[in-house]
Amino acid sequence: MAPFISAHDVSLVFKSKDRDPVTALNRLNLEITKGEFVSIVGPSGCGKSTFLNMLLGLLRPDSGQMQMNGTAITGPGQERAMVFQEFGLLPWRTVTANVELGLELKGIAAGKRTERAMELIKLVGLQGFERHYPHELSGGMKQRVGLARALATEPEILLMDEPFAALDAQTRDLMQSELLQIWERTRKTVLFVTHSIEEAAYLSDRVIVMTARPGRAKETLKIQLPRPRDYEMRLTPEFNEIKSQIWEVLKEELISRV
Amino acid sequence: MKRLANFYTEREPSILGGGFILLLILLWELMPRLLALPQGFSLFFTTPWQVIEACYQLFVENKIQEHFYVSSIEFLAGLGLAIVVGLPAGLITGRSRNIDAMVDPFVTIFNATPRLIFLPLFILWFGIGIWSKIVIVFIGAVFPLLINTYEGVKNVDRVLVNVVRSFGANEWQVMKIVVLPYSVPYIIVGLRLAIGRAILGVVVGEFFGASKGLGFMIATAATNYKVDVVFVGVAIFMGLSLVLTMAVKKFESKLSRWRPEEAKTF
Amino acid sequence: MKPKEYFAEHRRLWLGLGSVLFVIAAWEALLTYVIPLNPFFFTKPSLIAVAFKEQVIYGALWNDLAVSSKAFLWGFSLAILFGIPVGALMGWRRKAGYTLDPFFTALYASPLVALAPLIIVVFGVGLFAKSVLVFALSVFPFIFNTFAGVRSTDRLLINVVRSFGGGEKDLYLKVIFPSTLPYIVAGARIALGRGLVGIIVGEFYAASEGIGYAISRFGDTYRLPEMFAAIFLLMIAAVALTEGMRKLESVLAPWKTTQETR
């Protein structure tokens, strides 16, 4: 079966004025099938966020190809939507207006937009907050708006760049469970970047471990936990075993950097 | 007694500040009665009440309306042009590094020099009709607007720009949806400064090359030792300045509903 | 490849320089080949350069600049001597601040140049009147910036110095003055601009010497190249002073003042 998303020998070098050029990615190869929940973990600076931005279309690779559904990725497109670590909500817009952003740019009429936005606001559990401004919301709530906004345009893949890293530990756990619930209902393809092994193992079907910079896909582990997953699974010895396996692979990369 | 004390402490700033101003005005009014002014000095002296009387006189004799009208047109036209040119220019220079580099030396040079030095040149080119004043108002007001809009654009949060671009927005949409709303507080500051410079332009422009206008009225009154009329003109400009500044502040707070209180630093 | 790399790195500088040179060249070309040079309305860079050499190097323009500078410095220094202590008083004693703030704010917000004709009529034409005008315009930034600077002094630092046995003098020297200095320098830059307006207006109006006078005199006699030469001389002085101030600010000020705040 042809992969849904593929990256082949993708490389990128960052040139800067004062410093030596930095190779962010060096011949990265990756494939994702439709409906999968895939996580990428890797040491800091390994280029995972860079790769995500390239899939989003905001950065171009220096060499290699990236394809979705057989066509090359050359720029942003509504089939790929991102949830940002820093939320990225427009502070002067209400929750509803923020969720509508993608639909607005797609040219959808105002009435239909608001209808769809309302559905999603309900989906992420923010009813009653439609007319609030971002500065009135907590971190977790802001990220829910981010998620609603990304889902509004019905993208084919959801790219998530350490979306819960800016939240406190309790909110983070809560959001992970909520994300899984929403995912079960929509079954989108998700590419999730994170630092946390536990988060990656809990959420994904597959975990890809990246090497230290310059980044490459080092190894892929399949997560053999049944779905739907619940919080108690995180306390089982099987889960710990999975975490150890991932850690073993990741460990080498961290040590090699130090 | 306690209630009076409470009333005072609550409103101390306004009582002290307002009281001081009232005291000064009162002293000013009473000065000729309290002190014996030297003969020559009284030629240059006037009191608040005389100023009010002079203002009433001018109004009733229909002498002031035309001056006011002319000055207003010069002010509004010059400021309007400055907004229409300065805002887009600030947006474009903020977004394009190349254009910024090319325009920067001119902006720096013209912003540092007092634009009034061009007044003789403009009078030479445009005569003493309203156009020379409109131009001097324009070049005075355009720079704060351009510079502050530029600063707003440069400071836009990169994440927000990436967010909107990731949804497939083109450059024009990015400007409209992110850059412009984000820059509004900066533009407001620029507008306040521009208004001050615009008034300056009207005043000075009308001193030196005009046949009508409040500035002209002030200049001719001064040479005729009509000090009360001078102060009528000064008071009108002062009042306009204050009213416009307050209006801009009101406008700003209306547009800033989405900002958390601490962020309102302007 | 060397020149290309060098160009790319200093792109900003080259683009800026290039655009200025382009404008000058285009101006010259336009009035040499395209538009007939009516000497009563237009002039071109080559003529201005000649006039500049004549007036500045051999002529009286230097003297005019000196006269203007003298009046400016008098007014500006008085503004510093009066403005900083008053601002400091307002910042240090709350009641003084409450009393004086609205009054000074009202004056600051009004176009005090409107009083220029009156000042000239009362004080006559000359150094004194010009200095008064410069003072009136440039004193307020000093007052308000010193006020803001003193008020923003970190109370914690004051307590620290006090707890080590410091007296009033120590507080002023070791805490308040250093922390207010950046504000004062920023105020000086703004006051500079306003003072320049004062000197120009004073000299346009009724003077017999000074660079503002020179500009308006050349204008009256339709001597455009000389007029532009005088304008450029003033521009050079103004830019030099302003940029010098900015450099001073960036050395002394820990925070960025990229916005024109007053």
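The chains carry the letters A, B and C, assigned in the order they are written, with residues numbered from 1 in each.
Keep in mind that, in the parts below, contacts are C-beta pairs under 8 Å (C-beta built on N, C-alpha and C of every residue); 3 or more make two chains touch, one makes a residue touch a chain.
Model, not experiment: these values are computed from the prediction.
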Most remote chain, CA-based centroid, reference being chain B: A
Chain pair with the higher count of C-beta pairs in contact (B-C, A-B): B-C
Distance between chain centroids, defined by C-alpha means - chain A, chain C (Å): 53
Distance from chain B to chain A - Cα centre to Cα centre, in angstrom: 50
Computed distance of Cα centres, chain C from chain B, in Å: 18
Chain C contact footprint on chain B (complex, rising order): 12-14, 16-21, 24, 44, 97-98, 101-106, 108-109, 111-114, 116-121, 123-125, 144, 147-148, 151, 186, 189-190, 193, 196, 199-200, 203-204, 207-208, 215, 218-219, 221-223, 225, 227, 230, 233-234, 237-238, 241-242, 245
Touching residues (chain side chain C, partner chain B) in the complex: 11-13, 15-20, 23, 40-41, 95, 98-103, 106, 109-111, 113-118, 120-122, 193, 196-197, 200-201, 204-205, 212, 215-216, 218-220, 222, 224, 227, 231, 234-235, 238-239, 241-243, 258-262
Chain A to chain B touching residues, read off their complex: 53, 56-58, 76-78, 80-82, 84, 86, 88, 90-93, 101-102, 105-106, 133-135, 153
Touch list for chain B against partner chain A, complex: 159-160, 162-169, 173, 177-178, 181-182, 257-260
